[in-house]
Amino acid sequence: MNILSEAAVEKALDKKMNDVSYKMIGQDVSVYYGDKRALYDVNLNVRENTVTALIGPSGCGKSTFLRTLNRMNDTIDGCRVTGRIALDGDDIYDPSIDVVELRARVGMVFQKPNPFPKSIYENVAYGPRIHGLARTRAEMDAIVEKSLQRAGLWNEVKDRLQESGTGLSGGQQQRLCIARAVAVSPEVILMDEPCSALDPIATARVEELIHELRANFTIVIVTHSMQQAARVSQRTAMFHLGQLVEENDTDKIFTNPDDQRTQDYIMGRFG
Amino acid sequence: GAAAARDQIQIAGSSTVLPYAKIVAESFGETLPDFKTPVVESGGSSGGLKEFCKGVGPDTIDIANSSRPIKDSEIEACKAAGVTEIQEVKIGYDGIVFATDAGNADLALEPKDLYQALAAEVVVDGKLVANPYRKWSDVNPALPDAEIAAYIPGEKHGTREVFEEKILAHGCKDSGAQDAIKALVADEKEQASKCIAVRKDGLAVDIDGDYTETLARIDANKSGIGVFGLSFYENNADKLKVATVSGVAPSTETIASGEYPVSRPLFFYVKKAHLGVIPGLKDYVEFFTSDDMIGPDGPLAEYGLVAAPDAEREEIRKSFEAGNIM
Amino acid sequence: MSISLLLLLVAAIGVTGYVGGNRRAQALAGGRLSSLHSRPGYYGSLVAIWALLPAIAVLLVWIVASPVYIGSTIRSGFPEAVQAEPQATQNLNYNMVGAIARGLKLLTPEERATISADAAAARALLSSKGVPLAADPAPYMVEAAQNLDRMTTTSRMIVTVLVLAAALAGAVVAYRSVAPRLRARNRVEGVMLAGLVGASSIAILTTIGIVASMLTEAVHFFSMVPAWEFFFGTVWDPRFAAAGATDSSGQFGLIPLLAGTLYIGFVAMLVAVPVGLFAAIYMAEYASSHFRSVAKPLIEVLAGIPTIVYGFFALASVGPFLRDISAQLNGLATGSYASFIQAQSVLTAGFVMGIMLIPYVSSLSDDIITAVPRALRDGSLGLGATRSETIKRVVLPAALPGIVGALLMTASRAIGETMIVVLAAGVAARMQLNPFEPMTTVTVKIVNQLTGDLEFTSPQTLVAFALGITLFFITLCLNIYALYIVRKYREQYE
Amino acid sequence: MSQVTTSPATAAFKASVRPERRDIGLRRRYASERRFRLYGLAAIAFGLLFLFLLLSSVVSKGYTAFLQTKITIPVEFSEQVIDKDGERATDPKVLMTANYPVVARNALAKVLGVDPGDRAAMREVGGMISDSVRVQLRDLVVADPSVIGRTVDVAILAHGNVDSAYKGQIDLGVDEKNRKVSDRQVGWMNQLAETGALAGHFNTGLFTNGASSRPEAAGLGVALVGSLYMMLIVLVLSLPIGVAASIYLEEFAPKNRFTDLIEVNINNLAAVPSIVYGLLGLAVFVNFAGFPRSAALVGGLVLTLMTLPTIIIATRAALKAVPPSIRAAALGLGASNMQTVFHHVLPLAMPGILTGTIIGLAHALGETAPLLLIGMVAFVADVPATPLDPATALPVQIYMWANEAERAFVERTSGAIIVLLIFLILMNVGAILLRRRFERRW
Amino acid sequence: MNILSEAAVEKALDKKMNDVSYKMIGQDVSVYYGDKRALYDVNLNVRENTVTALIGPSGCGKSTFLRTLNRMNDTIDGCRVTGRIALDGDDIYDPSIDVVELRARVGMVFQKPNPFPKSIYENVAYGPRIHGLARTRAEMDAIVEKSLQRAGLWNEVKDRLQESGTGLSGGQQQRLCIARAVAVSPEVILMDEPCSALDPIATARVEELIHELRANFTIVIVTHSMQQAARVSQRTAMFHLGQLVEENDTDKIFTNPDDQRTQDYIMGRFG
């Protein structure tokens, strides 16, 4: 899916790839859907134990970039990635890298809630079960409870864990998906507009959760809400038309961006 | 509906008679181009007679082919449906032969051997026991040293009846089983049916399909013995070796003369009421019964039908002309 | 006027009605189409429906009723002597009259006159026109034929007028009813819905037809053979009625046949389900679209091969192969080269039937699996599940109700299959557990008993109907149970 | 999680020394993944292997049926034999009933140099030629009576036995009286083959001739036309009815006991053995409605009823698979239920519907048993002009040929199977093309 | 699906139903999903040419209430509505009411974008086509263009109108759905979190569109964003646990709500 390694960049890369403060490194990342190019040479690094927000107008490629970080785009026919992406210094598109392990380490929450047509309990237990994270039923119960609590859903569903996950309302469903992702204890969590279907209280709880998780996890979040980006993230990256416009400390981006386009976008002048 | 006029003869019935009826129908259509070639259905004597006895009229069939005489109960059913006048036409005889794969040695069978090999119960040491024999040579040392495997017609076939009557019943008597059975059961009917009971442990295999299936089974199991119609055997003489029964080899001559014991008559039945109304029906029957067809030199005999003796054929024609009904 | 021409005319009226209704609606709307309740096309369709339906109804009534009416009229004109004969004979005479009438159409007026005058000349004359008669017609027949000819012509004329009138009247009435607030769409959809309901009712009618066509004969059978002997009998041995023997009762035990049916079906499903499901999964989840576009139709060819071909394949190739293999195996194991698998056996039949059933499982499951939404797969893959885990734990459970449906359909085919079993498992009705021995099924016996040389009034033949109706009710119960199971799954997952 | 500080120097083996790498059973899981995939491939390979075995066994047995041995010889249409008394001007029947086989036999005898007086030899000469020569020559003469008295080259059908012998299907090593061709006939055959008079021609008769008891003249004409009529009837009736019924049941019917009953009922109809449909057809279409026996129309109707459940079940599954959000979208725009179904749901369900239809039609095309009871397993010589005339069907013809005693029918049986399979494949290809069109994923 | 008319309320109703300032009237509306009750006797009227926002925590029944307004709940098995809902004074659950006509007058935009698997053009043209709103191709083109413009999607898709609507990004898809609903020119437009998948610029455009449409249409919008509710609506209704907590002028609700629960919700104290 990806065409790698031009010898020229190799050296420069080696240096950067090993920079420990970066959990993930994206180097000249371009993505094509068939003939259509969706990302243009994006260079974006993700710092460890940091929340990085991706913002930008609709269709600018935020989701696309996010999906390259755990190779979810492998599943799209005709999608091709060039450039280099590394997790802890290892190129994740390297043939020796195992995509399953990668995805266990880099979890994902999607834009549209997609609970499995199983019980709520089974939805959350699914990840730990396939990875063998719980050895006893009690351990599993604990993981499920903790994950649901972290996603702020426990109180609402604790009495109906055996009911189907698809019977929940949209917001509940999305929180269930967050719980499901958290249950695997990944190192990085990718969130594609996780709150777009949540009400403010649930959103606040998720934001709180993000704060909490940040201590141990690295989080990349796509969001439309600049308020949310400002609230939850330390770093913000602004995309436009498939290009990374700028990436910087969140405070800086929202107070004094370098790029005019970012300024305009934040002021609501284009989209 | 009744409004549509029919101008084509419709025939149904026995698959044994079918090849002969086909030859006649085809020649009929060729030599009398005024009439359409009759339609000859296959479906068994029972199915044919059932359709035949549905009633009279253009929406019912005209002729039923049968490999056995019509039964009284069937005549009753026919009458009840308005088919009161049925004319019977015998077309000749069907020889039934035993054959094995052409690669085997010559085979001479006796009803007694067949009975002992295939019956459900045989007499051993004067006692009636379940058939213990596994090999032909157990029955008669002159027979091959091979596992018994016989492909006999299934119970739905008319041929089975002949087989039971002409082989098993005789073998039963010859082997002394009949006496043993008589000693055991009083009821005469039960005696008879016990005498013709075939073993059910898989060594005697019922074949409900046609002779091609029997042939395929023998192909698959070279030491098996199958029951065939004479015509079928003659068409596959290169693949099969026929057995003599009681020392007589089957052929049209030996069967016609009655020397070869196993044969049966073939018939067809005509609705008299249709004769003057369905175009070509009368002509067809006359054509069929002419010596050009069922005579000893006719195409039917060539195919394997055993022609009836001259006098009998004459009798058949006369009886039809006279309009004799059953 | 021929019926096809008439239909064409009616269709023309329908089309005109459609155009007219459409136009009128547009005119009424006066450029503001949204002031109409429905699209103009619906008004047009409504008019067309009104033109077509009554006309076709009239035509249908005529097609059914007129031969009956004309027939009885003509027959009442037959001479007393003929009328005294039984109905069936009259039918035959009427058949002849019909043939003559058909011939009359081909004759010139002079020739007609000749025939009327001299009935005896009719046969030769008609035969020269290609209408064969079986005998010289009686004079009354020619007369009746003339009448018949006349009546048919008149009745045709009448129906032409009636049908056209109905079409026109319908069209006009509907046309005039066109108004902006007329709920044309609802009405048209009402007619469509009625059509849909009608289509579904065919399934019910078929069932009624099946039961009805077997019931009388089955009842007849049960009047001769006690029901308990049939249902609980463990021996199937409907003895051949020996020549001359009037009593021909046999043992009609259903159990061995049922056991064979289930056993062979089970073996077939054992082959078809894993192979078919795995093939479907591979094609839906792993295969490239290129591979899929080649493999899927090829596999589907297996479903189209007539079962008789499979039967001969089993008989000539698979059976002997299994037998020889077993002989070799036995030889290796024990030193005695006796085959323990018979050439005709449950295994052979089940195996070959299983091959036939593969595409039934695979094609249907493939479509069902493909239909599982992508988001579910993404959700699972995003958690680090492998593809196979995703399939086993998410996709298949989600697709389960559909797959169970597909499997049931397949099982039904297995139960209903005949030719393969006849050739591959034989016809021996035995009760045993060894899959290497022959057994037989209910369907085989249905065909055999129906197509044999047995007496058709005897229980030996009639048992086919009892078997048929029994099988029908057994599968019905199975299906009811299956529906219940599918429902249960569905409730759990939705 | 990974708090290990890594210097550039240790970067090379960093991945391997990272301590907290969780064990998520990767080896085991990948092994199972590979196994799973392999099962899938194996399953497909298994199916294709048997398809191949089946087809190769059929084709290897049947390809010879497409060649037919003919003997091309000069035939003298002698007035002596055909119309001895010169009556043909007054009585056209003479030409119809003349003894044409003698004409042919004499012609062949002349070529072979056999003395016409030798009756035994002449019989054997006659045995070289198909009996259908009567019709062949008659048609020639009736079409053009002026050939009488002339000598014309005619390609005469060889007798079935000669045909088999020529194709090497008769073991000539067997004792002469145990085979259908005599040594003398074989000699003649070789003689004729050497001069080129006797040769294999493409067997057009196989596709045009009706049933015949003579293998060399037997063809699939009636069966092909009959099958074609039936398939058209089945397609025209069962597809719309099946789809309509499914739409009603899936989209409109209230979910209650009654629709449950219909559902169970339809599933059950799919399980009913096909011969039972024959009983139904006999009772309803032939005995009650009064349609003629042996007619393709009745066959088509019976097969329609038999195919309907298959199509309905497949169609319902396909309809069910269409996501509800599409329905909601259309309904929300003010589309009626009917419009929603016909504009959106049905097109999306089309691939599934077509799959079901292919399976159903293929099933119907290969079905014999129900046709048995309505009189279509029959000997029918005349090609049906309408669906109301007596006809047979391809599988019926296969079934009947398979039961024929003559050796020459064996290859024809396989040949007919090949034709049936081609029929089937054509149907499949058509449906696949259609399905492609609909399957276009947006 | 609904059980109507207790004679007692009849009279009171008659008066209210004919009150012209109300475009839609909801009277004692209760909704049951099977045995589960999702709405409890909601009395909520929608004013003509006004934007009414429905707010409340996740699962409180906002979507449910919205769907009763154009009888979309008819399509849910086991869903039952009691009480009375009227459009322009006519009971919309009356058997004489044509539900299709109703839905053409009361359009809907859903929470999850659901474009038809057809081309972008066809997606928008579908509604006008079935309702016969355009007689010529040119008219249709004009409607499609205008609707796409109103939804702020025109510039992005004008060059690929024949491409599939499902190939768009999530945000684009949702705007396509809005364009599709607008194309039918309904009288009332129901929007179920229409902006939950949109970026701020697109959101701003939709909000602008809502402002624009308000002149001619009546709009009911479900939203999680209280900011959005404050920006776009004149009236706001607050739901909680299936009950209507209060309904009032938006200004009033956000500055000085009558009900303590509303106050708490706005302050983010519960959810």
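In order of appearance the chains are A, B, C, D and E, and numbering begins at 1 in each one.
By our rule, a contact is a pair of C-beta atoms (placed from the backbone, for glycine too) under 8 Å apart; a residue touches a chain by one contact, two chains touch by 3 or more.
Here the structure is a predicted model, which means the values were calculated and not measured.
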item: For chain D and chain E, chains touching each; value: A, C
item: Required steps from chain A to chain D (each step between touching chains, minimum); value: 1
item: Core chain by centroid distance, with centroids computed from Cα atoms only; value: C
item: Two chains joined by the most C-beta pairs in contact, as defined above; value: C-D
item: Farthest chain relative to chain C (centres taken as mean CA coordinates); value: A
item: Chain A and chain C: spacing of chain centres that average the CA atoms, whole Å; value: 56
item: Between chain E and chain B, distance of the C-alpha-averaged centres to the nearest whole Å; value: 82
item: Between chain B and chain D, centroid-to-centroid distance (C-alpha), Å; value: 31
item: Chain A, residues touching no fewer than two other chains; value: 100-101, 104, 112, 130-131
item: Multi-chain contact sites of chain C, meaning residues that touch two or more partners; value: 185-186, 312, 316, 373, 384, 386, 389, 450-451
item: Residues of chain B whose C-beta touches two or more other chains; value: 1-2, 4, 6, 15, 43, 47, 209
item: All chain pairs that touch each other; value: A-C, A-D, A-E, B-C, B-D, C-D, C-E, D-E
item: Residue numbers on chain C that touch chain E, as the complex places them; value: 33-34, 36-37, 39-40, 183, 185-186
item: Residues on chain E engaged by chain C in the complex (per definition of touch); value: 98, 100-101, 130-133, 135
item: Residue numbers on chain A that touch chain E, as the complex places them; value: 55-59, 63, 111-112, 156, 168-172, 193, 196-205, 224-226, 265, 268, 270-271
item: Touch list for chain D against partner chain C, complex; value: 24, 29-30, 32-33, 36-37, 39-44, 46-48, 50-51, 53-54, 57-58, 240-242, 244-245, 247-249, 252-253, 260, 262-277, 279-280, 282-284, 305, 308-310, 312-314, 317-318, 320-321, 323, 336-338, 351-352, 355-356, 358-359, 362-363, 365-369, 372-373, 395, 398-399, 402, 417, 420-421, 424-425, 427-429, 432
item: Residues of chain A touching chain D in the complex; value: 14-15, 17-18, 20, 88-90, 98, 100-101, 104, 130-133, 187, 216
